[in-house]
Each structure stands twice: as structure tokens, then as C-alpha cells.
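Next up: some structures, all given as C-alpha cells.
In the two complexes that follow, subunit A is the common piece, with subunit B as its partner first and subunit C second.
Right, the complex of A and B next:
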């Protein structure tokens, strides 16, 4: 009863908040909705009525066109493989390299972090020549492994920076207690630090996955061959110099987006669970 | 910081979709087989276009002729290849034959840096210079500084393109215009009638990204008043160009008049060519300026009676050869590459391109069965034969496209006058060509 009464008292304000939140959600999702809208139109419907009009008839032509123009299964496999390996590999690397900086407090940790941060700030264009020649020298050019290596390192640099500062907030008492109980450095990392950081790590996995999925510039240079192309590169082949097929592009974008959306939804749940499970009690 | 910008990126990728967000770069490098058994072609034509379909035919012929060769026909994108051509062609494993963009900023630089093989010998041997002639050959040749128009052959085009005004016949009739205008004055009268009938005469665009229509209107006007010599001086940096006189001055002033009179509509700064096309196709304007690239689509999608004409009374019209085939200097199978280029210029392939409305350079127009496509191709043949195509204005100087687009947007927003534009143009061109 009392809860209901409280609900009643808040009702006008709740409604206002709800409407505002709804409006913001609508604005935020409008690009996505626009894409969905146009993905299911026929080309001439789009041409005659423009992008905002409701489709006269729902059609899957754009999807079948997209799948006939682009080898989507191959691109999808490449993207999933690269993004997954980078997401987990990058987080593992970050954890290992952040541990001595964040918990071990090694000397010169400030400058090291600054250098790592710098590497994530550099525009990819500045890195591309060394990466290109490096990939050639290691015979990983045109294979997904060149991109995997590059992004494990690049994402790992950012992850190290982030995790090192998060590790700095782990209460010293816990670490000291563990050390007194006879835990070695590895045990402290696996038994103490890792569980505490789990929520942060899962967030990083999700972000690394999505960032890597959307990467364009480095993959497009290193993965010139069609058999190793990723989804964003396959998508870009739809665009000509003086022509662009909007409905096919929308259909392709929608298909390309779904995996990241699914990934995000799946991991959002573990992410929430992780928050409660990993909290310092 | 990073997570915010990256998330913004994700949102942008979701949002934009126009792939402008994706349009960073790209490439076509390659693995060629150990013993020259794998032949790799890298190109960026959509397989559904006329040229794309012609090349499927070429692929068939080529494979039949070389049964032992494994042919890899790779698809990349125009932007990707253009921006990464230098890096991919300088690698160890390069494709055997590539499609590349013409012009001093693209093909010229690849040629000047020794990344492409000179083709002179092959051109004479195979008679490619008999098929690709005059202005169609101009951007196939580059000198040691990478300037087009003279020097060695580095590329071979398959097709051509020209810019025209597509028009809505119903709207013309409603505005009391009986037949397409024959002179520039008649054209302007027709536009006045359309205005009086409450119609937008020309659907245009001036977004700095992909809003090329205004630039094409401006350059069409310049071309209309130019002689071959004046255009060649400008295009191939042959002689000094005084932008404050002759067709440059008159063209820019007329262009400004057209903006002021509302012939091209307003609020163009945010529109891209795709939106301009949709505005025409959804009957919001009487005309659209574009090249043959939208011919097939307008034919398929237009719900009204339509026609097309090149700018009436023009001495020269916008248009040029298509993209070029080139052989990377480091290619391992050059003989096969020459045979591939030769195949794409063969009558079988060229006539497939012609049938589909792709404006082939060496096709037989009389064999085109569809009358609309045949007339459309005949008009192109006339322009080539008369040698009156004036190319695209951004070819002479690297970075010219962005420069022109910025000023087109400023003029369309009435933030800049024709005189101010010409001052800036003179300076940019002189600096860029070191005069």
C-alpha cells in the first residue's frame, strides 16, 4: 500500500520523465530506424518517395542484392574471428601488462602509461606504413592475423592504461592480507585482482569487440584480398564514384550491424551480473 | 576520452550508412601464385553495372583462353583503392592488373612514381590507340611529372561518360515548353517558364561531401563558352589561365545569376547528389544534371515521361573517359595483364557493355537493340567524334575537388560572389600548378 501511495505521489513527475526519456530514445534511435525503414524498400519506391516515407510495400530485394554482390558469410566469419580474438586477447594482454603498473607500482609507470596512451591517440594513418611493411615481413599480409596482432596491441595499450588506474583503486588491505596469507604474485592476480576487476574486464571485452568490428582503415589496407575482408570493407565496396544504391547499402548495414547488436545484448546481461558478483565486499 | 570518441564512431557508423563514415581507404594488394599461375585482377565496378557485366563476359573469354591460369577477380571500392593505391602498389605482392582513377592527382601520381608500367609498346602492338582516341585517350597518358595529356600511356579506359540534363517531360509540358531548348537563351527562357509555373527548374546539390551537382552546372557553363584550346590549357596545364576573363568569368557570372534567379533551388549546402537525384525522381524538380551513371536508374525508377539533353548551345560538354586499366610495375604476370586489357577492348565485351548502356569506346553502336539506349550512345559517339568533351574540372590539381566543392557551397549559400570565387580559383590553380 505504502509503495503504491508513493507511486501515486510521484506520478506526474514520472510521466514527464518517461516522456522526455522516450523522446530522447526516439531521437537517438532515429538513424537506426531510418536504416531499417529503407532497407525494406524497393529501389524505385526509395527514388520516388524519398528516405522518410513509409515503404509502399515491404521487399527483401535489397537484402538479396546485397548478398549477391558481397560474399557476406566470408566477411562475417572474418569479422567475428578478428573481433573475438582481439576482444579476449586484448583484455588478457591488458590485464597482464596493467598488473605490474597498477598493483606492482613499478618505477616509471607514469611515463609508460603516457607512452601507451600516446599510441592510442596517434591517428592510424600515421601508423600505416610501418604496419604494412611489418605485415609483409611477417607474411601475415592479407591474412586476418595481421589485423589481429595490430589490434590486440592497440586495444591492449588502451586497456592497460584503463586497468592500471582501476587496479590502483583496489584496497591495499586486501592485497596485503592475501600476501600475509602466503599468496604469490600470480595467486594475487588470479584469485584477488581478477575477480575484483571482472566487471571492468567484461566491459572492455564488449568495447574491444565492437571497436574492432567497426575498424576500417587498417583492415582495408592490410586485408586487400577479398577472401580476408571484414564486414565494413565488404560494405564499402557497394559505393561507386558517382553512384550509390541506398536501399542495398541500408540492407547491408543492417545485416552487418546485427552481430554487434546481438553480441552487445548477450554480454550486457553477463555485464550486469558481473557488477554484483565482482563488487568488493 | 577514447571510449567516448569510439562510441561516437559506432553511432556514426550506424547513423551515416552513407558509408562516408566508412570511406577511409582501402586497397588491393595481393597474393600471386608461385609460378605465375594465379592471375589477380583488382577492380571496383559494381557487378550490376554495364561495365561490370561486360567484364563478366571478359572473364569468361579470358578463362577459356587460359584454362591453366587461376583467375582471381577481386572487388574493392573506388575510395578504398584510390586512397591506398600507392601503398598497395608499392608492396611485394601486387595485383597483376588494376583499375585506377584518372587524373593528375591519382593516375598521374602513380605513373610519376613508377608504380605503373608504361604501355606504349602494347598500345601500338594491339591497336588500342585506334580504339581509344582523342579526348578519350588524354587521361590515359601522363608525363614524367604526372601531368595528363601527353607522355607515355599508363592506362586504358573501356568506356566513356558524359553529363546531361535529364528532364521531366510532363513538367515541361505543363509549363508550356513544347520542345527541348536548342540554345542557352532558350534554355533560360524555359527555366523562367518553369519558375512561373511554380516548378523548381534544376535539382542540384552542394554538400562538400558528394554534392557535385552545382560544380557540374558551373563547369558545364564554362565549357559551353570555351574553345577546345581554352579547356586544354586549363586541363593539361599547357598555358597560363586567366580566370578573370573569357569563359571562366562569363561562366561563373552566369552561374551566380542562375543561383540568384532560383533556377537551382536553395538550401543546397546540405544536399548530396543522391538526394538531388531523389528530388528529381520524386517529381520535385523539372531537371537533374548528372552523367550517364544514373541513366539506368532513372529509366527503371522514373514514374513520369522523361528525356535528356546536353546543355543546349554549348561549344563543349562535360564528360570524359572512364576509369583505367593499368599494369602495376611490380606485377608478375604482365603478358597476361596485357591480354586481359585486350580482352576488355574486344568487340564481344565492348558490345555487351554497349547493350547495357555503358557507353563503350570500341563498341558498335548500331548493334544496340534497345532504341533508347542506342540514341543515348549515339549522342555520346557524336560528342567523342566532334572532340567536344571537356572532362571534369577537378583533374588538374591535387586537392582541387575539395577546394571547388567548398566554394560551390559558399556560392550556393550566397556567402561568396563569382568575383571572389574567381580570385580564389586563380590563386589555388596557380599555386597548384606552380605558375
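Right, the complex of A and C next:
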């Protein structure tokens, strides 16, 4: 009690609120904790002691099992390739298309942005069957490139919408001064707009990467073959097979989320700065 | 001036081509297909006029799927937005001030964690946690003496609520992080002045916190509602629309028609109606926002 009296801003109610917030945090993270707990068990240990018991022994069997069932290096390579190309390609496309709208203020900017905003809301169901056919017709079906092309455009539409309004805040004087000094439009974009927008662009790269990594619907339809599957799709196709041990699926889940988790932790500062970027999606 | 404007159009060429190939043509094709009966592949197309649409009006599954969309909105929009705003205010303005900003950002990171998870992983974990036999919840319930714990995903009365539970868990971090960022705009002196005037925490919440985050509330409600109307992967992974169609949603119904029932025309009809509903709801929300801004 003396401590409560000393800091009179921490009344008993304060501790109650802290405990409640802590309990919510525990509930929110419990699926992760359960996953870690069970990924390091042996299958026998799991089936005899259940999911909430502490592992009898620390084992990596589940991981080696998962790696023998799924060609993880290939899935990892596919996911890294797709997400990286989409992240940078999508941001490049956004930068190019936002420039005439945000800086050039061309006629028709309003309708163009409205159409792009609508396309970010469009349900993927309303595109999927024609895309499925288009991918087969262009021989990109079952290759990472079908997914890359689709998401560069879809993320690019969102990025254009976002960047156009950010570009509107670039001071006119700077742009005019550059034009008077003889800079062409391309030079102004490359030498002036790009450096000013760099923080926003890096946030977009992070978001595009994570969104594309986690994407489910379009990859599950367009990447039917194991050789082209992404990390999450490989996990979900394995799940369809009933005989698979739960510990193996836990190990696979852990492996599937590690890359985004690492990416997230590295870029957490960028994310804090850019939460409003994610807000619009 | 005119020539300067002209030169800008080149920059729109890449997105113009990409948009045409990936969005405009496929969407137009989808709308056209909705007027045909088609099994897909090399099967012949049969003109059906508005037949698919009138079938849809009499399709109990279709109405059921939209009824379930309302529950998706409760789980993805209503509960997370309400809880998110309360939690954000608690973390920033109550716990943050008493236990330091590091405690607040630690809690925020924990609440946000589900948001960075691939949906395939989240779906697997939850279908396992909710499993009637070996799931953690029922193992726990049995260990405290409940002899007959419920079949969370297998019972038609319960499955929808179980899916909603998972969606709330998944979604909560999104409004929370946005509202916390918004609250950093508030001048702390404002709260101090209100406290000096005798306003309690709830009074401050209503008078300062809520009006501050209003623009973000609009953004969260709009984006989350669109997401709720489109929700697909959690249903595919957790329940496959069952049991007895109790968790059927429009996107999953369209998917089933496309890829399981080979009724491509009918699937396209569902997808087209979905797009129209989403655009309509978005238009209503945007109009509401515009009117609110004008009043403010």
C-alpha cells in the first residue's frame, strides 16, 4: 500500500486497468504461444498429453518433417521473389502514375483517382475467373509472373491514390525553381519529388511486401502447381491432407510467418510512421 | 500550357495498360459472363439474359450469405472499432501516462501481431484451437470439469460465432494502431485543462478523444466494411461455408460456383452483385463522411 500512496497517480484502479490490458494481450498472443509450444513437441508427446501441456522434450522433428513434406526452399524463393518484385514494382508504378496527378494536376485527375479507388475495393471474385483464363492464355498460369503482374497493378492502383495526395503537399516553389533552372519533367520527378517522398515510399514498400506475402485468394487460384506455390499456399494445401500431424502443421505455420515477422520487426519504426498509409486500404 | 499537359500523359501509360489488362477487361468479362450459362473451359456458352439474376433473387443460399455478411460486419467493423478506440485511449492517455510509453507500445505491438499473420496460418491455428477433440479450448474446458464441451465449428448454431471470434482477434490491431497514431495529435495540455475543470476520464474521452479521431473512424469504418463484405479465406479455411451453410458468405458462394460446381455464369452473377453492393455501401459511407465534414 505504501507504494500506491507514494505515487498517488497509480491508484488501485490503475493496476486493475493494467491487469485487464495485460490479460487482453495474453489472449491476443495465446494462439502464437500455443503454436510455439506445440511446434517443438514430438507427435507422440502431443497425442498423449494434448495441446496445452509443456513439451516433455525439446524436439525439432516437426520442422524436419515439414521440410520433407513441402519443398520449402522453393516456396520461400517464390514468396520472396513475388513479394519483392511487387513491392518495388508497385511503388515504382505508383510513383510514375501519381506524378501527373499530384504534381501535374492534369485534367481528369479526379475521375482517374476515383476509378483507381474503386478498383481497390473491387472484390477479387469479380476478376478471378477472367484472370484465371487470361493467365492460361498468356502461359503465365502456374508461374509466379501471373501473380506478380496482378499485384503490381492492384497495389499500384492503391499506391497511386495515396501518393497523388502526398505529392500535392510538395511545395510549389521548389518545383518551379527547378523548372526555371531548366530541369525537365523527368528530372524533377527523379531528382526532387522522389527524394522528398522517400519516407512515404519506404513505408509503401514494407506494406506492399507484407500484403503480397500474406495474399491468399488470387495465388491459391493461379498457382495450382507445387513448384510455383507461395509459402502460405504450400501450408494450406498440406493442411488438406488429413493424415498430417498437428505438430508438423505448427512447425510449418511458424516457418511461414517468420519472414514477415522479421521484416515487421526490422521496419517497425517505418510502420509506426506510416500507419496512416495502411489506413486507406 | 497545353503542350505541357500533353507530356504528362506518358506517365500514365504503364498503369493504363496494367489497369486495362488486370482490372477493366476482367471485370467487364465477368459482367458479360453473368448473362450466360456456362460450365467453363471448352463447354459452350448459352445466352441466359437476366436469368441468372432472377435465379439469384430466389436463391435462399444467396440471401443467407448476405445475412451472414451482416455478422461479418459486426465482427470486423463494429466490435474492433469500438474496442479499438477504447483500448487506444486507455493505452495512450491512461496506462501510457502512468507506466510510460514503452508499456503502451509493447501492448500495442501484442494487439497488432495478428495483423501481420498470413491468413493461411491464422486460419490453421484457429481451426486447430477450436477443434472439438484435440483443440486447446476444449482440452482446457475438459480439464476444468466440463464433460461435454461444444463443437465450436461443427455446430450450425455456433459456427458463425466461432468464426466471428477469430475475426475480432484478427482485426482488433488495425483500428487500435490507427487510433493511437491519431491520438498523438492531441495536445496533452488539453487533457490537463479538462482534468482541472473537473472532467473525469469518460468525460474527457467523449469531449476530446472521440472528436479527435473522427477522421480515422471514417477511414476504419469504410475500409473494414469493404473488407467484411469481401471476407473469404477465413471461411474457406475454418468451415468451408458449413455446417449446413451456416457460415456461407457471398465471396465463398461465388468461389464455390466457379471452381466446385462449374457454374461460371452464376458465379459471375454473384461476383457482379457483390461488386455493386460494395460500391453502393462505399458510396453511402463516403457521402455520410462528406456531409459530416461540412457540418463540422
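The rule is simple: the second predicted complex is superposed on the first by the 216 of 281 C-alpha atoms of A that agree within 3 Å, B and C clash if a C-alpha of one lies under 4 Å from a C-alpha of the other, contacts with A are read in each partner's own complex, and residues count from 1 in each chain.
Keep this in mind: contacts are C-beta pairs under 8 Å (C-beta built on N, C-alpha and C of every residue); 3 or more make two chains touch, one makes a residue touch a chain.
Worth saying up front: this structure is predicted, and the values here are computed from it rather than measured.
In the superposed pair of complexes, A:75 makes contact with neither subunit B nor subunit C. When the two structures are aligned on the shared chain, A:86 is found in touch with neither subunit B nor subunit C.
After overlaying the two complexes on the shared chain, residue contacts for A:241 are found with subunit B alone; subunit C is out of touch.
Once the two complexes are overlaid on the shared chain, A:152 sits against subunit C while remaining clear of subunit B. In the superposed pair of complexes, A:166 makes contact with neither subunit B nor subunit C. By the touch criterion defined above, A:251 lies against neither subunit B nor subunit C after alignment on the C-alpha atoms of chain A. In the superposed model, C is the one of subunit B and subunit C that contacts more residues of subunit A.
By the document's definition of touching, neither partner reaches A:188: not subunit B, not subunit C. Contact with neither subunit B nor subunit C is seen for A:205 once the two complexes are overlaid on the shared chain. With both structures placed on the common chain, the touch criterion links A:51 to subunit B and to subunit C. Residue overlap on subunit A between the subunit B contacts of one complex and the subunit C contacts of the other covers 31-32, 35, 50-51, 121, 128-129, 210, 214, 216-217, 221, 232-233, 235-236, 239, 246, 249-250, 253, 257. Of all the residues in subunit A, the ones that touch subunit B in their complex are 31-32, 35, 43-44, 46-51, 65, 69-70, 120-121, 128-129, 132, 136, 141-142, 158, 207, 210-211, 214, 216-217, 220-221, 224-226, 232-233, 235-246, 249-250, 253, 257. Listed in rising order, the residues of subunit C touching subunit A in the complex are 5, 7-9, 11-12, 14-15, 18-19, 21-23, 25-27, 29-30, 33, 40, 87, 90-91, 94-95, 97-99, 103, 107, 109-111, 113-114, 116-126, 128-129, 134-136, 139-140, 143, 169, 172-174, 177-178, 181, 216, 219-220, 223, 226, 229-230, 232-233, 237, 250-251, 254-255, 258-259, 264, 267-268, 270-272, 274-275, 278-279, 282. Residues 2-3, 6, 9-11, 13-19, 22-31, 42, 44-49, 72, 74-80, 84, 87-88, 91-93, 101, 212, 273-274, 277-278, 281-283, 290-291, 293-294, 297, 300-303, 323 of subunit B are the ones touching subunit A in the complex. By the touch rule above, subunit A contacts subunit C in their complex via residues 9-10, 14, 17-18, 21-22, 24-25, 27-29, 31-32, 34-35, 50-52, 93, 96-97, 99-100, 104, 106-107, 112, 115-116, 118-119, 121-131, 134, 149-150, 152-154, 156-157, 160, 185, 189, 210, 213-214, 216-217, 221, 231-233, 235-236, 239, 246, 249-250, 253, 256-257, 260-261, 264, 268, 272, 275-276, 278-281.
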